[in-house]
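Below is a structure I'd like to ask you about.
Order of writing sets the chain letters: A, B, C and D. Residues in each chain are counted from 1.
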Amino acid sequence: HAADKKLTVGFAQVGAESAWRTAETESIKSEASKRGVNLKFSDAQGKQENQIKAVRAFIAQGVDAIILAPVVETGWEPVLREARRAKIPVVLVDRGIKTADESLFATLIASDFVAEGRMAAEWLAKKTGGKASIIELQGTPGAAPAIDRKKGFEAGIKAHHEMKIIASQSGDFRRSGGKEVTEALLKGSGASVTAVYAHNDDMALGAIQALEEAGKKPGTDVIVLSIDGVKGAFEAMVAAKLNCTVECNPLLGPMAFDAVEKALKGEKLPKKTVVQDRVFDSNSAAAELPNRRY
Amino acid sequence: MKFSTRSQNLPLYATMLVLLALFSVASLRYEGFFSTRVVANLFSDNASLGIAAVGMTFVILAGGIDLSVGAVLAFTTIFTATLVQNHNVSPFVALPLALAIGTSFGTGMGFLIQRYELPPFLVTLGGMFFARGVAFVISQESVGITNATYDKVLEFGVPLGAEASLSATALAFIVFLIAGAVLAHFTRFGRNVFALGGNENSARLMGLPVGATKISVYAISGFCSALAGVVSTFYKGSGNPADGVGFELDVIASVVIGGTLLTGGVGTMAGTLTGVLIFGTIQTVLNFDGRLNSSWLRIAMGGLLLLFILLQRFLSRHTAAVR
Amino acid sequence: MMNDPFARIRPWFSGASLLWPVLGLLTLLVFNAIYAPGFFRLELRDGHLYGTLVDILNQGSKVMLLAIGMTLIIATGGVDLSVGSLMAIAGAVAAVLVTQAALPFAAIVGTTLALTAIAGTANGLLVAAVGIQPIIATLILMVAGRGIAMLITDGQIITFEHAPLVFVGNGHLFALPFTVTLVLLTLGVTSLATRKTAIGLFLESVGDNEKAARYCGINTTLVKVVVYAFSGLCAGVAGLIATSNIKAADSSRVGEMMELDAIFAVVVGGTALTGGRFTLVGSIVGALLIQTLTTTMYNLGVPPAVAPVPKAIVIVAVCLLQSEKFRQQITSWFGRRQA
Amino acid sequence: MSEPLLNVRNVTKAFGGVKALDGVGLTLRPGEIHALMGENGAGKSTLIKVLTGVYTPDDGAMQFDGRVIAPRSTREAEAIGISTVYQEVNLVPTLSIADNILLGRQPTRFGFLRKKAIKQRAEVALARLGLKLDVSLPLNACSMAEQQLVAIARALDIQAKLLILDEPTSSLDEREVEFLFGVLRRLRDQGMALLFVTHFLDQVYAITDRITVLRNGAFVGDFAAADLPRLKLIGAMLGRNFEELESADSDPSPAITEKRATFLEAQELGKRGVMDNVSLSIAPGEVVGLSGLLGSGRTETAKMLFGVLPPDRGSLSIAGQRTSIRSPRQAIRLGLAFCSEDRKSEGIIPHLSVRENMILAMQASRGPLRLLARSEQDQIAAHYIRALNIKTASAETPIMNLSGGNQQKVMLARWLAMQPKLIILDEPTRGIDVGAKAEIEKLVHSLRAQGMAVIFISSDIEEVVRTCERVVVLRDRRKIAELSGAEVQPNRIMNVIAHHDE
């Protein structure tokens, strides 16, 4: 490798389904242009097959490295073996993969979804003194964040016998889904709700609207908490409608390219770098809002 | 004055020409595009799509539609993955079982459609929901497969030059496409399918086994969807209940791009292959380009699709006029 | 000749019998009455009706609107996959305009709907003039349209607090959500336009036997282009509602998979995918059927991952109910048992 | 006398309120050609469909070859030895001719089709009917008559004990009919039984041994052809005297009255790949016939004039004005009407009612916004149902539920209601019963009297001669002669067609 030759990196992104995702893409793109890297971007529209195709196309083009944001945790071994055979290092971002063979990727830079769910549960327990009737707004069935955030949250409330999930439905990670589901649950099985836990901010923002329309005061009558920490969530917290969001940092660009460069130099990398996620609530929101770029 | 005897094949030739043009332009534009590796990838990456498309071709030729393919694929992947991985069932048992379930499922839908004269759109939509739901009942999470047989299959490959090799999945696609082509074009059953789609009432009055043929095409499609699922487990080494969402549209689109009429009775297996490859090539081209953002990527995809379909129309019309 | 007492009103309900989809819907409602307490509870709050039934009407309004446009397209033997993406475009355009341009609201709505109608026209031209199969012609816009919507909003979710636009999806009129008025208005105008003029007859002729219709002097190309444009318009209104509903333009997600819901509504309602006779009221019933089904799942607390299974069972059950063959078989079984 | 092969007793079949068959019987013996006769809507096709398992009878019993039968599908009927050609050509237009002939019984080897053998067998099957076609062409490239022959070839290809032909000759001209009859006689001599429906009385007497007559779904009688003179047959079918209609039959071709200004003048019209060359002119009050063998381009000529196949050379003027017609819409606006020979795919809108089918062209010419008042529609429908004696349960019955002949009458009504200046009738009497045929001839005369121009296409040369004052003869897609006045004689036309080159 000539040192002065421009580096080519392929980035296989899941899609553009949420503000969070767009922020991640933006972060990686801007970091690439900052470092003068020739970035090949692919948007898989939420489908693993498309992502695999993209990775294989990157390999066929002979890119120097690949950044992959895997849409699910399994099903990568064959294609990653191919990358390894072609001696192309792969950096995983935002979500891990399940494999027995850790040599398939250089490193993983990601948040811990289970931890996020647990942090949300812990925050809620503290806030309510361990007493809550909760509506859970799940993400898309089968999606790793949805599964893990549910798991983490359930584990978190286990110790508190008076915290109960009274209804749990999927809002498909969408604003409209969050609204529709909350609206329906408020009239049915979730009528006695005291807290709404959403797997992402978008659904929480939808739920807030549904609560308002039902004549309840989100943030006061019903506690609303969610995960991701996008700008809209901070605005809602400042307006005292959302109580808490657990940050899931999408700005992985700098770390990802650091890892790429190290991997290309042959340096040894830790297999996993967990991005430290913070919990923000109405108290810390106002101070943080100006810093939010996404 | 004599009429061209093969005018009905013109759209197919036009489609192939379009694929060729697409491939040539991309080869000139992108370094590394013109390689056996890209061609081999095209076949292995689109093996599931292609196999499901073979089944779908039969259904569409017979004048029906099958929306359940994506869900059946998902069901098959998670079913086999769970059996093999979590219950230590041998793949030699799990895979035939999965295929049998897929086939019976298709047969069941076909039976409802045929026996009670229900609209295929609704029945297979129901089938789609059902298979998807059951897939999630089996497991909500994806399951990775680590199994010696799987590894062996994964390592298998017919070398194509130094760089590339044709994987087992790609081979499965090619074999089933040929089998499908033979069944569609060289057997009585195939002709009956065409007749059924061309005019169901006539087919009945001509004494053809309309009921059996109708049920069979859905059975074939069920089998192919399950096979696509099996191939997908080999392709990825995992099963996922959330796989193949929206897959049915890709499959239908590839078949129809290949010149098969959605109204039934007209089409070819070769066309389906071309359709699948056009679909795959457009994706590969966009991946090779890699400069478009998410919005432009979608626009470009639609635009390319439009361009090629217009080209295909124009070519088949123009050549027809010249004759 | 026999005297047909319903001859005059029949065309309004032509197509298959409305009885069976309505029966399906009623069954579902009865089921809810038994298993979902409070389903039928309605209260008046601030002069608005409030309750699950109202929600179903409100949430179902989008699919109902799409289904109205889709019915006409299906009647001509076509199909429109692009409606979901057109909804996204409508939402994106409206949101960008209300947040960035100081235009009167009427102009904003006008621009938005004009754009989606033009997009629909493009679909129509591809189908009718170029002769591309409807499913592919509209697939193009389905893929590209979402990209266009994302381009308009720059991939972001654009939120707004513009009162008139918020009213479209959240306001109330005559104690009911405004969306109900929109649906009724569209349904009324479309029914009148198809049944009080010859448009309905032309649509059915084109769908039933296009060649014969052309030989009768019907401008089949024009007929088709018009229905696709109209479907674009309906999708535009649905997009405005969806966007207004959440006070945000969510280009990448809005209207996803809704084309399937709309087609489902039309087919369950009794209009055959092969074209010909159509029933708008049937499609509305079909749309209400899916929305009720979704709400039922929420109410019963069916885990979202397995919710598709009962949904599938309901779909097939409604289908079987509609099937004359099936009813005959049931009667014959019943008869045999009695004998 | 031999044992009956088929014995049908007391068969009854109702559709909703309509009794299509009411206690009908039928007896067929091996080695006999049997005609099934009756007016349009008498129940002939329904009886055939009951026999062959398309419909299940409500009541009655059927015996075939000594066994009681109750076939539930055409397939079963074929299996027991009944081969059928249904009234509407029931083939698959998108498949090749060869496929259509052999579908379901193609020769195979190890389960694979033997394409060469298929082609050969199809060609042989067609050759038996005196037809030579490229059998790899799709069926939709064939004219109506060719399609009809293909359907017959298909039915002849299997070894059956009973062959049923429902109006096999409705599109055929004499030559094909002769060929077909030759084949049928041979089959009879081999001991096959044949059941045969036609509205051509000459054909009945030329070939049948026995005749069963139906009227209004009821059995009238089973007669030996030799014992049943024409008039009695007609009387049995119609249930009334036929003298008046018979007189129309012998009407001489009326002399050309005073010459009026030409309405339409076509010169050297042609279209690449469709028609070579045809010139034709017609004045108001004139009836011009197009004659020629099958495939000679009569239908194509009509379609060129009507804008379905816009010509790419030659000139056309209407009412003295040079125009070119690019679409049916335009043709209709200029006062043309075209009643297609292919009513199934170019005529009826199957699910729409009789009324809607009748007013459709009229409504189309008014545009979508000016809906014909419902009362007016009802009136038109009632008028033509009465005038053309259309047998239908009501004006609101979907047209697909009508018998073939009655559908044809609705098509005529559709175009007559337009009051066009020029009407092109392509095989207007196809599938129409004797009574109605005479009525249609009368109708053409009255149209002429009203000053309408009529282009009349028919395979029945006698009919052409009776109705037309001028005849344009086509061959091989070009005009070869024009006969007028006294020259309009069956023999002359035949001669011109046969010996033009010599």
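Just so it is clear, a contact is a pair of C-beta atoms (placed from the backbone, for glycine too) under 8 Å apart; a residue touches a chain by one contact, two chains touch by 3 or more.
Source: prediction; values computed, not measured.
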item: Pair with more cross-chain C-beta pairs in contact, given A-C and A-B; value: A-B
item: Reference chain C; chain at largest CA-centroid distance; value: D
item: Rounded Å distance, chain A centre to chain D centre (Cα mean); value: 71
item: Whole-Å gap between the CA centroids of chain A and chain B; value: 33
item: Chain B-chain C separation of Cα centroids, rounded to whole Å; value: 29
item: Sites on chain A at which at least two other chains make contact; value: 15-16, 22, 141-142
item: Overlap residues in chain C, where contacts from two or more other chains coincide; value: 150, 155, 252, 305
item: Junction residues of chain D, two or more chains touched; value: none
item: Chain-to-chain touches, reported pairwise for every pair that qualifies; value: A-B, A-C, B-C, B-D, C-D
item: Complex interface listing, chain D residues touching chain C; value: 17, 306, 308, 327-329, 331-333, 338, 340, 345-352, 356, 360-361, 363-372, 374, 382, 385, 392-396, 414
item: Contact footprint of chain B on chain A as seen in their complex; value: 10, 13, 15-16, 22, 25, 29, 39-43, 45-50, 52-54, 56-58, 60-62, 72-79, 81, 98-100, 140-144, 147
item: Chain D partner contacts - residues on chain B that touch it in the complex; value: 1, 3, 5, 8, 182, 186-188, 191-192, 194-195, 198-199, 201-209, 265-266, 323
item: Interface residues, chain D side, partner chain B - complex; value: 54, 73-75, 77-78, 84, 86, 90-95, 99, 103-104, 106, 108, 111-113, 134, 136-138, 141, 154, 273, 276, 477
item: Chain A-facing residues of chain C, complex; value: 36, 38-39, 41, 45, 50-52, 55, 59, 150, 155-157, 159, 170, 242, 245-248, 250, 252-254, 295, 297-301, 303-305
